[in-house]
Structures are given as C-alpha cells and as structure tokens.
Amino acid sequence: MAEVDRYQRGLDIIKKYSLEGNDEISSVQQLREAYRSLAPDLEDLIVSFGFGDIYSREGLTDKERTIATLSGLTTLGTEPQLELHINNGLNIGLTPKQVVGAIVHMLPYAGFPRVLNALGVVKQVFAQRNVTIND
Amino acid sequence: MAEVDRYQRGLDIIKKYSLEGNDEISSVQQLREAYRSLAPDLEDLIVSFGFGDIYSREGLTDKERTIATLSGLTTLGTEPQLELHINNGLNIGLTPKQVVGAIVHMLPYAGFPRVLNALGVVKQVFAQRNVTIND
Amino acid sequence: MAEVDRYQRGLDIIKKYSLEGNDEISSVQQLREAYRSLAPDLEDLIVSFGFGDIYSREGLTDKERTIATLSGLTTLGTEPQLELHINNGLNIGLTPKQVVGAIVHMLPYAGFPRVLNALGVVKQVFAQRNVTIND
Amino acid sequence: MAEVDRYQRGLDIIKKYSLEGNDEISSVQQLREAYRSLAPDLEDLIVSFGFGDIYSREGLTDKERTIATLSGLTTLGTEPQLELHINNGLNIGLTPKQVVGAIVHMLPYAGFPRVLNALGVVKQVFAQRNVTIND
Amino acid sequence: MAEVDRYQRGLDIIKKYSLEGNDEISSVQQLREAYRSLAPDLEDLIVSFGFGDIYSREGLTDKERTIATLSGLTTLGTEPQLELHINNGLNIGLTPKQVVGAIVHMLPYAGFPRVLNALGVVKQVFAQRNVTIND
Amino acid sequence: MAEVDRYQRGLDIIKKYSLEGNDEISSVQQLREAYRSLAPDLEDLIVSFGFGDIYSREGLTDKERTIATLSGLTTLGTEPQLELHINNGLNIGLTPKQVVGAIVHMLPYAGFPRVLNALGVVKQVFAQRNVTIND
C-alpha cells in the first residue's frame, strides 16, 4: 500500500475520533502541530503508524480500542495523552461510566496512585465537557 | 454488605472466568493457594477485593474488562499475570484476535519490547490450548 | 467480618495518621471526596481496602509502614501521593530525617531522578509545616 | 574521607548484612564478582556507593533500611535483587512477617502483579532457608 | 513514498546491523517469524516502522543509535530485546567497552538493579561471541 | 583515590557540561543547592558519584554519554532531569538534531507518550536558548 494511503487512513480515523461538526482542529492535530518544528516526520509517524497502522487493525471495535488505550495510559501514568484519549473515547461514544470503568479497573494491576491521578484528568475533561458520570 | 458476600461474589466471578466443566482447580485458585503459607489474608484480598469489588463494578462488560486487563498488564510487563488473564479472556469468550488485538494495540503506548514479550506469553497459551488466531 | 467493620477500621487508621486536634477534614478525606462524583465506591475502596485491610496487617509498625510507603511511592514517581504520605509520616511521628532517609535510600534502586523529584515534594511539605531536617 | 574508607565501610556493612559464621562468600560478593570481567569499577561502585555511602546514612535503622529496600524493589519488579535483599533482611534480624509485610504493603501502591511476583521470590528464599512465616 | 520502500529500507537496515556473511537468518528475522502466526502485520510493523522509519532518521549515527537503544532498554528492563541489540551493537562495530558503557551509564538514572540485570545479558552475549571487554 | 579527587573530578565534569563564560551558577549547581537543606550529603553524592564516578568512565565520548542520558530519561519519563540534560547536551556540542534524535529514537522502545512529553521539554529549552532544529 502506498504511503499516502496509510496517512489518509490515519487522518480518517483521527476524524472519526474527533467531535462531529468541530470546526476547530482536533486535539490530535494540535498535538501533531506542536512537534512539527522539532521533527517534521513526527506528524507522519503519529498519523500513519499510530492511527493508520494500529487503529485500523482487526480484532477490536473502536470502543474496545479506546478502553485498551485508557487502561494502558493509566498504567503508564502519562497524563497529557490520557486527556486526549478520554476526549477521543467520549467522542466515539464511550459512556462516562465506561471511561471511568477502564481506569478504575486498573486498581489491582497498577495500584491506587496511578488510578487516582488518571481520575484527576477525567475530572478535568468531564468538567470541560459538562459531562457527569450518569450521562 | 457482609464480608462473606464480597468473598462469595468474588468466587462466583472467578468461576465465570474459569473453564466450564473444569474439574481441576482454576489457575486463580492455584495462584491463591501458592501464597497461603506466606500471607493467609492474601486469598481474601485477591478474591474479595480483586474480583469481588473490582470485577463487579458497573461500566464495562466482562469482555471489555479483560481487554482492559490485558492492555494494562502488557504495559506493566508482568508475564505470569498475563498468562492467567489471557486464559481468563479465552474462557469468557474473547476471540484469539481480540486477545492479540488488546496487546498489539499497546504498540504506540508501551513500545515494541513490552508487546513482543506479551505476545510470547500469548503464543505459549495458544499452543497449550491448541488455539490459532483464526479460531 | 462485616463491611462496616472494615470501613470503620479504615477510618480509625486514617484518623491515627491525621494531625491530632485537626478540625479540618484530613488530606485523605479530601482525596476521597475529590473522586466521589466519578466513582462513589472509590471512597470505600480507599478506606476499607487501602487502610482497613492493608494498614491493619500484622508485621510492620505504623512507622515502618510509612517508611515502606514512601520508598514505594518514590520508586513509582507519583508525587501527589508522596505529598499525602510525607504528611502522614510526620503526623505519626516519623522524624524529618526518617522521611528523607526512606526516600534517599532509594538512590541505588530507583536512581537520582526519582529521588530528587520526591525530595522536591518533601521540601514543599516541610516548608508548609515549618519543619527542618533537624526537628 | 579517603576512598579506602568508603570501600572499607561498605564492606563492613555488607558483612553485617551477611550470615554470621558464613564461610562461603556472601551473595553480595557473588554478585560483585559476577560483573568484574565486564566493568572492574562496578565492584567499587556497589561497595563504596551502594553500601558505603547509602547504607551508612543517618535516619533509618538497619531494619528500616531493608524494609525500604524491599518495598522499593517490589515496586521496581527486579527479582534477582529482591532475592539478595530478602536474604539480607533475614540476616539482619527482620522476622519473616516483616519481610512479607514490607512486600504486601505495596498492594495499594504497586498493585497485585508486582506483589505476587515478589512473594514468589520470598517463597523460594524461605524454602532455601527452611523459614516459615511464623518463625 | 510507497510502502515497499519503507519495508525494503527497513530490511536493508536490519541487514546492516546483522553479522556480515551470516548465512543464518538474523536474530531480527527470527523474532519477526516468531510472531507471524499471531499477527501477520507485526513483521511489517517491525521492519517498516521500527527500522524503515526510525532507524533511517537523521541526527544520529548508527553507533549512536545503538547506544541510545541500549540505554533505553536498560531503563525499560526488557532483557530479550537487550540481547538482540547488544548483538546488533557489536555487529555494527560498537566496542565491548561502548556496549558496557551505555548500560553502566544508566546507574544514576535507572539504578543498580536494572543495570546489573542488563549486564547479566551482556555477559551471556559476550560468552556466546567469545568477546571480552578488552576486544 | 581520595574523596576530594572524586568531588573535584565531578565538579570539573559539571563545568565542562555548563555554558562557557556563564557567570551564573549552572543548572546542576542550582539543583545541588536545592536539596542542601534536606540532605547535606546529596551534593557530594551527585557531584562525586553521578559525575565524578560515572561521567568519568571510559567507553563513551561526552556526546555519546549525553545521548545515552537523554534516551534513558525519556524512557524513565522524568522531565526536570530531561531539561537539565538537554541543556548539558547543547552545552557540550550536541546539535539540536542529535538531541531530538536521541529522544525520537525511543519511539519503538518507550512508546509515543514518553517521547512526546520529552519533546515538550525540548521545545521549551530550544525556545529559551533561541535554538532551532536546523542550528
């Protein structure tokens, strides 16, 4: 498959995970542009590999993929990426209970500190989006 | 709720994740017994907290829960627990493609080494169970 | 044992680790309330499991328990929890030298970056409490 | 202080943590010699820095130091070093309950997988030394 | 650029890091084949992304790239990948002192346990290849 | 070798990694002084062990040493130390492309989140120093 296809497929997937009708560039695009001046190839690596290759694999649904992402990022403890993918999860139709569930489920595996810090990020995103756990 | 309820609920969940009609004690029970001589309360902590409290939370389905577990354990890199939960996932009805999918999806987050080592465990479990990716 | 006992035992332990005569709700309570809107069961999991089950185990004294906590959290690198448990340690009677000692002792195991960042948290807590290393 | 003093102080501390009347070279010495052919300075770095500098710091008792070590290594997940320091802890007079306590206390911080794997190492060491939890 | 170019470029880089005149398939090929039955796309992801995209970036020389790899893998603690890249480093012309240097340099950052365990892998590879630190 | 020699050698190495003609105390000195009130020996441990012992080892050049440091710290995810060593790298003559290269090379090993967060630190340092990727 030609490179342009991987990149285009990645962009399409990013669009799917972005807010519908959102005129502003998505959070993924913001991230991508943030690093353009340091490593111009990083945009392609994120879009073509991260989304074009990985998010297009068979096996998981879009929602399952984001659940997996949230659990992995909670275990890793990287909060800026958690913020992006909590938003992606809500955009793709995960309920607030599923978002919180994927993170709290890490309690026996990653421990309370990682889970509590990830929930701190959830709280900020829910407040920004005016979302509650019962939505 | 009385303690006995949390413990019993945990046991019921463990049974649900075990092979049906399996006369042998499940892998969770083996693990539990392994540590009885060191910390007699550990059995209760695993069954009542790990399964009774956490696996009974609302938000995720049983399959989503195991996908989250596999992604978290891949990121953590703890192989004995991966072996247990790959088995649990197959027992609960995850397809081999979902098991592999939850692990390979960690590539952009946890990197190739953690994913390749986790797939080494998958390979062993699939061989033991005579399962292939297309089953 | 009934659930209420685990929860009450946890609360008693949290009180023991809080400042005597402190009219304000303790830092643990603040943390607990912070997550109430996201996961109402989290309060019970922290109080009943984290404190009721784990902090009531035999084997270690209260001071040894906090030394272990500080060393584990330094290795994990989770700073909000370090802040809580540095305070808990001082409340329970650890000397400033013991608090710093438990963290600096991680140098050969967790490396300088984790230790230096944990000491940054110690410095803030000591300043807030008007404590010096020789107190 | 002259280098020879740091090295000698480190050796004295290693001896203190070794089995009394042990004619065989200690486990620390074995470890040290294992790496002599690769990095001749590593012996000095382990003895002079690891033990001479760090284990001689004020603040913690020998037993508290080993509790901190065991909690840190459990969180880190490095099993060969856990084996060494479980032995060191028993040599210095930690009870089996304290060794297990320092490791199980990490459950809420580092999660079940790290703790269970560390207890697997404890079990091997206790078997080798014919020690039970009630000794 | 077409996909076939990324894959071919990756293969060329893998060949460069393999032993000259080696009739056997390289260790990277072995790894690749090991996972073919689980995830047929993994071969492409490793060759095209891991080597074709990343190892062809500007900025670092081949030797610097392997030094960076060894330091990262030591910090991560993933031993099978360390074995592969210690071999790759020697194949590309790193001296044994550079290989050991990149690993021991992690002492202040990743701590002694990760470094000692990585040196255990170095020792095995040096023995297999009949290499000493002074070669 | 006498202690004073290790300390002096460490100071000389720190000076080498500092900006020439810099009247202000270097970032390493700032770090050192920051912790003086908590652990007066920490200054000696950083200067004598961290720099005097480790940065004076044979095997790697100064530039290779900083590449290794940047890759290790990216994997570890400790941003304050990344800031210091990105500066040290530029001071010692690493090009901006080498600094970015050592970090981006961690993509397949440590994953995108750690690399993106490390590049965020690079961006700040480059802005402070008025440096671009093509300098």
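Each chain carries a letter (A, B, C, D, E and F) given by its place in the written order, and its residues are counted from 1.
Just so it is clear, contacts are C-beta pairs under 8 Å (C-beta built on N, C-alpha and C of every residue); 3 or more make two chains touch, one makes a residue touch a chain.
A quick map from chain label to UniProt name: A, B, C, D, E, F = Carboxymuconolactone decarboxylase family protein.
Here the structure is a predicted model, which is why all the values come from computation and not from measurement.
Colleague: Return the chains common to the contact lists of chain C and chain E.
Modeller: The common neighbours are A, B, D, F.
Colleague: Which chains are in contact with both chain B and chain E?
Modeller: A, C, D, F
Colleague: Consider the two chain pairs B-C and C-F; indicate the one with the greater count of contacting C-beta pairs.
Modeller: C-F
Colleague: Between copies chain A and chain E, are the contact residues mostly the same numbers or mostly different, with half as the line?
Modeller: Interface between chain A and chain E is built from largely the same residues.
Colleague: Roughly how big is the turn, in degrees to the nearest 5, that lines up chain C with chain D by CA atoms?
Modeller: C-alpha superposition angle, chain C on chain D: 180 degrees.
Colleague: Looking at B-F, B-E or A-F, which one is a repeat of the C-E interface (more than half the contact pairs shared)?
Modeller: B-F
Colleague: Measuring between mean CA coordinates, which chain is farthest from chain F?
Modeller: B
Colleague: Between chain A and chain C, what is the separation of their C-alpha centroids in Å?
Modeller: 31
Colleague: Distance-wise, how many Å sit between the C-alpha centres of chain A and chain D, to the nearest whole number?
Modeller: Each chain reduced to its C-alpha mean, chain A and chain D end up 41 Å apart.
Colleague: Could you please state the distance in Å, as a whole number, between where the Cα atoms of chain A are centred and where those of chain B are centred?
Modeller: 24
Colleague: Can you list the residues of chain F that touch 2 or more other chains?
Modeller: Correct list: 45, 49-50, 57, 73, 76-77, 81, 100, 104, 106-113.
Colleague: Show which residues of chain E lie in contact with chain A when the two form their complex.
Modeller: 1-3, 6, 41, 45, 49, 53, 57
Colleague: Touching residues of chain F toward chain B in the complex: what are they?
Modeller: 106-113
Colleague: Inside the complex, what are the residues of chain D that reach chain E?
Modeller: The contact residues of chain D facing chain E are 31, 34-35, 37-39, 42, 45-46, 50, 73, 76-78, 80-81.
Colleague: Can you tell me which positions in chain E touch chain F when the two form their complex?
Modeller: Chain E residues touching chain F: 49-50, 54, 57-60, 63-65, 67-76, 81, 95, 97-98, 100-102, 104-110.
Colleague: What residues of chain C sit close enough to touch chain F in their complex?
Modeller: 77, 100, 104, 107, 111-114, 116-117, 119-120, 122-123, 126, 132-133
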